[in-house]
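Here the chain labels run A, B and C in written order, and each chain numbers its own residues starting at 1.
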């Protein structure tokens, strides 16, 4: 059994508009091992959510995956039929979304929304499915699970609803969970709780996870490896330690510097100057060059290819920062 | 244009928006087709006296010998009746052309009247607020609580037939729709910055309402009014069909259809059929244009 | 819950009162009250007697109160034409109209829901556009003309369906209904279709709009991420959400259909309330007209209340009852 669960190779996902096709995911490659937590970090608009959706096969028109391979347990997901993908979803690969308020259908009971995840994949009695659902709710720390199953989503708080979503994701003991900013919409204190719960559950079951976020602070305590995305490309990958202790790409450095807890009290918060580019207005050459403190002439017209130390540590930069310099300096 | 008028400070509709709207309407074939059909119908109605081969109200020109002729047949006087004749020997084509006029006139007048009253009430209720708003909106709710057809029907049953009476009845049952719509818009606009700015400048309430707020409410209002013209025309046709609408001396398309009802069972379909087709084309084209207008004004589509 | 119902009933009573006032004084304000309440061909002596008996020589307010008192006792005057109590006359015709309206509603939902779903789930494709434009055509079609053309086609030219009237009836709990006989259904087919036409268009548009909105919701995406199959998503997730506005609107349309049945019943000579109203208008049978207005108002108010309750039952987010602890 190979240690690599998911391998994404040269993924290109575009959105068709009147004026042409814009690449939201522009030649992205990374891998996730079994039992590994990968943090996919980037600003909004960097293409991280679209990456997650592409893996799940949930890209709808006007979006389209136009190139690349998504190898899950050795099989290319892009070659699978619609019904094969449907069977995989929720069973082998699960996804959790950002907004807990609308993830659950307000007019259906929680029990039904949980059991359907089970019964749509295997011929299991409703009673047995309900039992498993109650068990899952208890696991994520929801009190009186049987009562909750009979209730409706609007009776729960945001944090509780997200726990339900997590429970649903784990119901069929998937191999991979893709979590798309699941704690962004929640209270900071709840965030910490959910983070802790997820980590505990995932480690205990050996499930792999891709945690999509814009917050490097979250990743630091949670992930094994990190991939940093900017304008549809992965600009740096490495283990958490490598990224924190030795960030090579200027954008990664910028992100690390702008984490509020990295500041000394009283100092101005550091920011990366400028704004991330929109899909339609991507700068030529290296997309980051207008905001980069280390930009060279070559960066203006030459998009850097990945510089790889090995298959799991790489960066895309013509002028990377020196190694071994942690941020803040 | 060198200076862009900023919509948020003066509350005027951006010119580029208007242009985009027209462009969108023009690029859809159904919209163009509907618009063309509508233009044709309006032109026909406008120039009816010049186009109609016969004046259907001139009793001296009618001969009972020509009655109930099939479409395309030639009458006693050598005239070809392209759409046939009715029970009095009236040329259907002419009757339809004149009928179009009445239908359109009633539709436009009634809509204009209902809109005028409704918009005024809505503006007042929305801007002045308080007790005035509560009272007016209760009135609006009351009026909207009943099916328009029944109220108009019973009302006209009491006051009798006549073009002016029909317009009055329709205005009475339609104005409340506009009031509710406008009030909703006003409530939204009232909170915007340009209103606060105008108030700080000391403009009178009337001025703010009419010159600043009203233009911004006109968008959805225009769409609604367009579709209401079609609804009004249909309503008048129905009322006339039921015998409480326009008088026999000024028959609208609805009344023409009614006239043909009794002949239907003997297979003389043309007396009802052709007026109906004309009515259908008129209403359908207005509805299509209104629908396209609505689509083009939908804020979600403004990219 | 009880508080809610009581409040609504009070509002209803208020509306009825207002309507009775309006109707009463409208009848009196327009023309000579004697003319309106006494048959046109009564002799002078009969007229004097009627004036006294009907209390027309008393002040207006007294007469109104008398009218109101009678109304509460169920006496809304006597028909000039038939001599029988107006209310009784109308009530007799209710089953005919109601069964037509119910069938029309069923047809509207049965045809409109699936068409609307297809249009809403395929908004950019040809079939979706055709359905939506078709729906505009549907409500542009003049109701009465369409009925006439159907008559022409199916009765006169093809001879497939009867031209007018109601078919055989069957006694159901003491009420005569023609819905359950084959002959009855044959007679009902065209009128019900005619009545339902505008509503089919309405249902299509509502359903399509609801489907478009539901489809974009996160919970649909989440259901897909769970691996739920498409048919179940449409059936349980989307349809359930759409049903709420559709059902509410249909409930409200019930009253509108009663109004529009006047047209259908006229075209197809269907012996219902609507035809009675039109005939009474022609024959200047004012008491029947007045009674009709009062009854229909009451009907509206009741239907609105029922629809609100239904809405609360369908949407678990709406709380008519005291909130759960």
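Following the convention adopted for this analysis, a contact is a pair of C-beta atoms (placed from the backbone, for glycine too) under 8 Å apart; a residue touches a chain by one contact, two chains touch by 3 or more.
In this text, all values refer to a predicted model and were calculated from it rather than measured experimentally.
The set of chains in contact with chain B as well as chain C is empty. With respect to chain C, maximal separation of chain centres occurs for A (centres as means of Cα atoms). Centre to centre, using the average C-alpha position, chain B and chain C are separated by 24 Å. For the pair chain A and chain B, the distance between C-alpha centroids works out to 55 Å. For the pair chain A and chain C, the distance between mean C-alpha positions equals 54 Å. Partner chain B is touched in their complex by these residues of chain C: 15, 18, 26-27, 30, 133, 136-137, 139-145, 148-149, 151-152, 155-157, 163, 255-256, 258-260, 262-263, 266-267, 277-278, 281-282, 289, 293, 296-297, 300, 304. Those residues of chain C that touch chain A in the shared complex are 217-219, 221-230, 232, 236-237, 240-241, 244, 314-317, 324.
Contacts from chain A toward chain C in the complex involve residues 56, 58, 86-91, 94-95, 97, 99, 102-108, 112-113, 116-117, 120-121, 152, 154-155, 165, 168. Of all residues in chain B, only 30, 142, 145-150, 153-155, 157-159, 230, 234, 237-238, 241-244, 254, 257, 261, 264-265, 267, 269, 272-273, 276, 279-280, 283-284, 287-288, 291 touch chain C in the complex they form.
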